[in-house]
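After this come two complexes, each holding chain A, first together with chain B and then together with chain C.
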Partner chain A sequence: MTSNAKISIRQFSVLIMFYTIGTTILVIPSSLAADAKQNAWIAAIAGWLLGLLIVAVYMVLGKLFPHMNIIQYLAHVLGKWFGKLIALGLIFFSFIGAATVIFYMGNFMTTQVMPETPIEAFIVLFASLIVLGLRLGLEVLARTAEILFPWFVILFVILALFLIPEIELEKIMPITEFGIKPIMKGAVSYASYSSLPLIVFFMIYPASLNRNKEAGKAFFIGTFLGGIFVIIVTFLSISILGVDFTERNMYPSYALGKQIIIGNFIQRVEILIAGIWFMTIFFKSALYAYSFVTGLAQIFECKDYRPLVLPSGMILAAYSLIVYPDVVYMMDFDTTVYIPFSLVFGLLLPLMLLGAGILHKRMIK
Partner chain B sequence: MVRLLSVLVSVFLLLSLLSGCWSRRELDELGIAVGIGVDKAANGYRVTTQVVSPGEIAAARPSGNRTPVTVYETTGSTIFEAIRKITTKSSREIYLAHLRVLVIGEALAKEGIHKALDHFSRDHEVRTDYFVIVAKGATASDVLKVLTPIEKIPANYLYLALDSSQKLWAPTATITLDELITDITSEGKNPALSAVRVIGKQISQTQKNVESIEPPGFLKYSGLAVFRKDKLIGWLNEKESKGYSYITNNVESTVGAIACPGGGKIAVEVIKSKTKIKGKVRNGKPNIDIVVKMEENVGEVECEIDMTKRETISELEYAAKLRVEKIIKNTIKKVQSDLKVDIFGFGEAIHRADPAAWKTLKQNWDEQFAQLDFNVNASVKIRRIGTVANSFHKEGVE
Partner chain C sequence: MKDRDPFYYILQPDFVLMNRRVYKQTLVARPSYTLEIQRKEWMHMTNNHVQTEPLKDKLEDNLNKIRNELGGSDDIIIREIGFGKDRIAHAAVIYTDGLADTKLITDFILDSQTQGNHAEEIDHATDEDNLLDALKSLALNLGDHKEITDFAGLYSNLLSGNTVLLLDGFARGIAAGTQGWKGRSVSEPVAQSVVRGPQEGFTETLRTNTSMVRRKIKDPNLWLETMQIGKVTKTDVAIMYIKGIVNDKIVEEVRARLGRIDIDGILESGYIEELIQDEAYSPFPTVSNTERPDSVAAELLEGRVAILVDGTPFVLIVPTLFISFFQTAEDYYQRADISTLLRIIRFISLFIAMVGPALYIAITTFHQELLPTQLLISLAAQREGVPFPAFIEALMMEVTFEVLREAGIRMPRPIGQAVSIVGTLVIGQAAVEAGIVSASMVIVVSITAISSFVITGYSMAISIRMIRFVIMGLAAAFGIFGIVVAMIALVLHLCSLRSFGIPFMSPFAPFIPADHKDTIFRFPHWAQSTRPRLINQKNTTRELMSRPTKPEK
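After this line comes the complex of A and B, so read on.
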């Protein structure tokens, strides 16, 4: 019924890290700056801590079913039909997630990098890559992540080093102007972008890991590391571009890359930042898609998920073209609808499941 | 069979790539715009675009009787329309990524520039590393039509002259679009842009201008244009502009003259300068402390003074300190009394120091700024005195 793919603890951490960074690094500085102004970086830290808290809940939940994935567990605890109903909701969440992330990628490319190339070209290419990755399976995806990890770190460190001379600490002052409320608001939106969607990892975690016991720790480490990258980018955006510019810019971290001018020859390197995203966005969309396809296969009790990959990829590519009718709709959706949407599946569902699971265990005894 | 088929299919798919990108733009199809000027027109904008004529710039032997750049002037109700309209006059598509300067005409600047700037911040092709300047007593179109000696591309001249005068002489401001927009939107700071004047307008537009050893027509930076939000409200002269650069910590190097104790003058070169602005609020009244730390070298001695004595140096240091403090004080006073607009970012300093008090102060910050108290405290260290100790004046030229 499920693939018996096993990935190592380290691969799992790297996947989690890429997934946490995902699209977050692209958009979060701007939405944090809108809420918390010059304290956006504090909001990022708060969001990161909140995210770790959520992951702690996930870890407890994971201990309840060390040898099942979430779809099996839902059926196990809630009964076959009701469990499958909830599972449908979860794969719907993954589906929307995958489509929106692919759209993000295409939209960024047509807005900033290659404006005359139709968005369909990027989306089809990117979706084919995901289809390829999913057909090759989880192990291949995980190994790819492991190989790309050092490159990601090198690129990121180079960029951060080049940006250090541009930092103006005055731009993050005064620190305690607006109090705690906007920071918390920012933290919630951070968590909803980068931590709550981690729920889709329950398709892998904890059953598909080779050393089950350490899986929780790996989950935690991945989120921990990913958050640090996002905090650094937010801090750099605020302290270099300033609040106003960060808030107004659609892709502040890309604008950050444009700031690098060293000795008139190291310049115009913003595409390196884009390179970083291609990696993280690929893993984010691939994992969303993986969760969607394997979830679908399980609900309908297919033997293998692979035959579903190509059609699902085509549906995803087509759907990502219409998931947001326009860019303003996207911004509106992300700030209003998406947060409660991800709260339902990323927090409410695991909490419910946790309660139901504990109850179920007691009843069996 | 399947294998053969898949090979064939992939070969055919690869064929489709041979035609290249569909959005390719060859270099010889692009008109590279280096300067853009925006002026007011009857209904909308008059946009002047300076485009490089590659045959004259790149060829080993330019024909010589053609100008190295050409200028297109178009009008439109919006900037974007006006730029696209250039295609009716130009054989090449205008490419904006190498823009060096954006010139704003005086008349438009007085009316407000924020509407005109949106396109430049929104368009993906325009980068943000060019300077924004204001044409003083002229239209932007006049500025972009001057042919300059040495630099074949006048927009490059505008860029480089501004950059070097900022670095070596200080009374100019190299403001890019991002910084300008940040200043316009800031509650505690208003923008100031470098002003450029056109001298000898009639003659400057033809090749004749660069044929004489001293071109009769030329461009010259002169001080700063002061804005309230996005509207031009006045000008600063060279000295005041230097004061502005000192206050905003933009002096890299400059030269100033100080009087000798016994008459005559000494010129000193600033080699390092760092300004810190500290704001505080006392009894609801804003107060600004400006601390300048400078290092200088002596560059010219035109009086009889014993440069070998340590007392002389400390006397000079004191005189130099007073000089800088005076420049800064005069600048602030002039801006407070005449222009009444905070271009120095004092409001931001108050905001950083006391966010709670700032909430009430910002309501009428322009008035608050006009009567705000400030202290200037400069400290000058003279490090070197050049390659000679005492001047040869001393050995009795009498």
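After this line comes the complex of A and C, so read on.
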């Protein structure tokens, strides 16, 4: 069923970048500040480096099967049935990921922007957008990312430039007050948000890229750039809003937008800045959903994944309403359950697969 | 008697002498229903099976059949002549009055009667073929000729302005090119005028149009293929391209798609456009049109294919990219920097035309904090007396404007002034004073309207008009979030479009750095060294010139 959609290296990097930024940009400053206090930005850098390390593992793994996606590879190495079982686990991970990301979007809108509109309205609209994107296919998604990328950069540069006057460096002092441990904890939570979910890209990488050889580099560049954006936002949050406010605020980067005041006429532009994460969250959820739908189609050996898109979208929309019963549950889940959950699929699985793959190759020889 | 009167053989009882030379077939008054029935039969014949009945031997039979099948139409002229020494050869000249050049034909007939140089030849013509050849050489001073053997060929030639010569005793005839009718002369293009640049536009005549392109590109590689499309209208459709620059696969695709068309009539290139575009359900045009020969020449030089349709000055260009709708001919005649600025202005206009009213709705309904306090207070004061929500207000104004615009276009010119007076008074002032809409809404609608005029591709501008309403609805329900969702959906859709296999949004997506020499920026001509990459990959070098250098001292 592997559609012969091919995307270019550049498009792949942009997709990775959008995906890495995804919801991370919205929520990570708060959770990093909770762990590492004023050193949250150092934790972000540490998490970014950790993420690059994980991507290095992915790159090695990708070299093992340049013409397959992960579901095919699982079946190839672990046998048809056992491979499919693990693949089911992986698409479950994608499914949960997509649902939670859609919920984030709806929750953000109802709590921060339009409190009187029911969350269902946002979720249904957003899910329809994802369904539209998936029906049009990976190539179209990738091209859309390419077109929206400059807009994203422009909005981000506006945000960062306009906030420079507000920075108060004393807020990030003293550096490494609590030692290295909270920083490492923050780094792990950063990686679990933005780097470990990159495992879903194995549905695209490396088989659906037009130049396989440079794919690893693109993977790396995407993660690298995406991380820089997140680090900048974390730094701005801490240095402008302060540790306390960042920690207590669920969406500190949105609060950042409220701080912009230029010459008495550009003010409170947070909703325009929010356009940044409308875009990134769209790509994150669409890629999660893509991995879910194509994985599902592959496990059940459907010829085309498109007939599954609309029903999956409906299930996702419904499930995203109940995936978190309330926000308290969400925060609890994100800090306690999600990290080991993503570690299993994002790190343990690829490592295991790497070992199995190398063994498999040796045995064949 | 026979010697003195050259028209001896034509004096048949069926003909009435109209003037010294021209004889018109008498019109027998028939009840109109017979004509109707005949027309239906004719439609039936042409629709279901191509009429390939061969010509008959006897001239009289042929002529009777023609008269019958054309319903005795008044404008079909049949003149019978005899030529050769002693007028032994009996022939008929058939043409359509108004379509054929009558002067040419009368000259020909006169020649056939007076010139004796072929007479001997005909005398010796014992062989039948020689007689036909003699007729052919006689017809030399008419246009190009081809031989016809069946009625289908006869009719299509006759009805497109050619003259048909039939000879008694032959089941073959000659069709000579005598097309010449009253067409509009070449004049300034109406829809795409320029300040600097050629002031000529295409006309309704295909041949004039192709000649105008030829005049711009004098290269043997400029190829032209003509076909007839439309079972009833039999419209001439020509495709033009430069061999060696064009991508052969695209030409092949154009040919295939045109060949697939099965329709009764083509009256304008819009018919062709809808029948050959890639995506049937899309508000965006994936085929562009132009009425400027210089634009067509430029597009051909970039490796595109032009489709010219007889009867319309609008020529289709494929493949078309999104960016084509923001480029004008004048961009290339002006200085590069000013053209770049104008292009940026066009993109800003696109943005305003699309989301202007939607942004107003979203900001005044949901995101008032965006506005500086004083502006907010004055807006609130204006809207105090307006009973409607911003969305209804905007919808009313937009619909009114669209109505006015439509009225302005369709009305006879002299009444147009009345429309504009009513429009300015009613919409501009009275609506605000009556408290139906706020003054700021009027400003937003006006800016939107003016912006939509800036987009150079008219077919793109009208699709933007349509999409505007959808975005307004989403903005009314979801604020900026709705607008962003709409924009993402729009970009998704645009990225999924293709025009003859070329991604519609290229060179933005897929991003091709080399092709950005002529998108948002218009590089100077000396810097535009390559042709657009996706359209043709073979012959990409446009010029090999470096920046103009100053003379050495």
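Annotations for the structure displayed:
Simple rule for what comes next: the second predicted complex is superposed on the first by the 365 of 365 C-alpha atoms of A that agree within 3 Å, B and C clash if a C-alpha of one lies under 4 Å from a C-alpha of the other, contacts with A are read in each partner's own complex, and residues count from 1 in each chain.
The working rule: a residue touches a chain if its C-beta (ideal position, glycine included) is under 8 Å from a C-beta of that chain, and two chains touch if they have at least 3 such contacts.
Everything numeric here is computed off the predicted structure, so don't read it as measured data.
On the superposed chain A, the two partners chain B and chain C both fit, without a clash. Contacts of A:Y58 after superposition on the shared chain: neither chain B nor chain C is touched.
By the document's definition of touching, both partners, chain B and chain C, reach A:T117. With chain A as vertex, the superposed Cα centres of chain B and chain C define an angle of 100 degrees, given in steps of 10. By the touch criterion defined above, A:Q11 lies against chain C but remains apart from chain B after alignment on the C-alpha atoms of chain A. Contacts of A:Y190 after superposition: neither chain B nor chain C is touched. In the superposed pair of complexes, A:E146 makes contact with chain C only, with no contact to chain B. Number of chain A residues touched is higher for C, counting chain B against chain C. Within the superposed three-chain model, A:L272 lies in touch with chain C and out of touch with chain B [touch as defined at top].
When the shared chain is aligned, no partner comes close enough to touch A:Y254: not chain B, not chain C.
Between chain B and chain C, the shortest distance over C-alpha atoms in the superposed arrangement works out to 5 Å. Chain A residues in contact with chain B (one complex) as well as with chain C (other complex) are 114, 117. Touching chain B in their complex are the following residues of chain A: 111-112, 114-117, 170, 173-174, 176-177, 241-242, 244-245, 255, 258, 261.
Interface of chain C with chain A (complex): residues 366-367, 369-370, 372, 477-482, 484-485, 488-489, 491-496, 503, 505, 508-511. Every residue of chain A that touches chain C in the complex is listed here, in rising order: 8, 10-11, 109, 113-114, 117, 121-122, 125-126, 129, 132-133, 136-137, 140-144, 146-148, 264-265, 267-269, 271-272, 274-275, 278-279, 282.
By the touch rule above, chain B contacts chain A in their complex via residues 21-23, 124-125, 127-129, 178, 181-182, 185-186, 348, 351-355.
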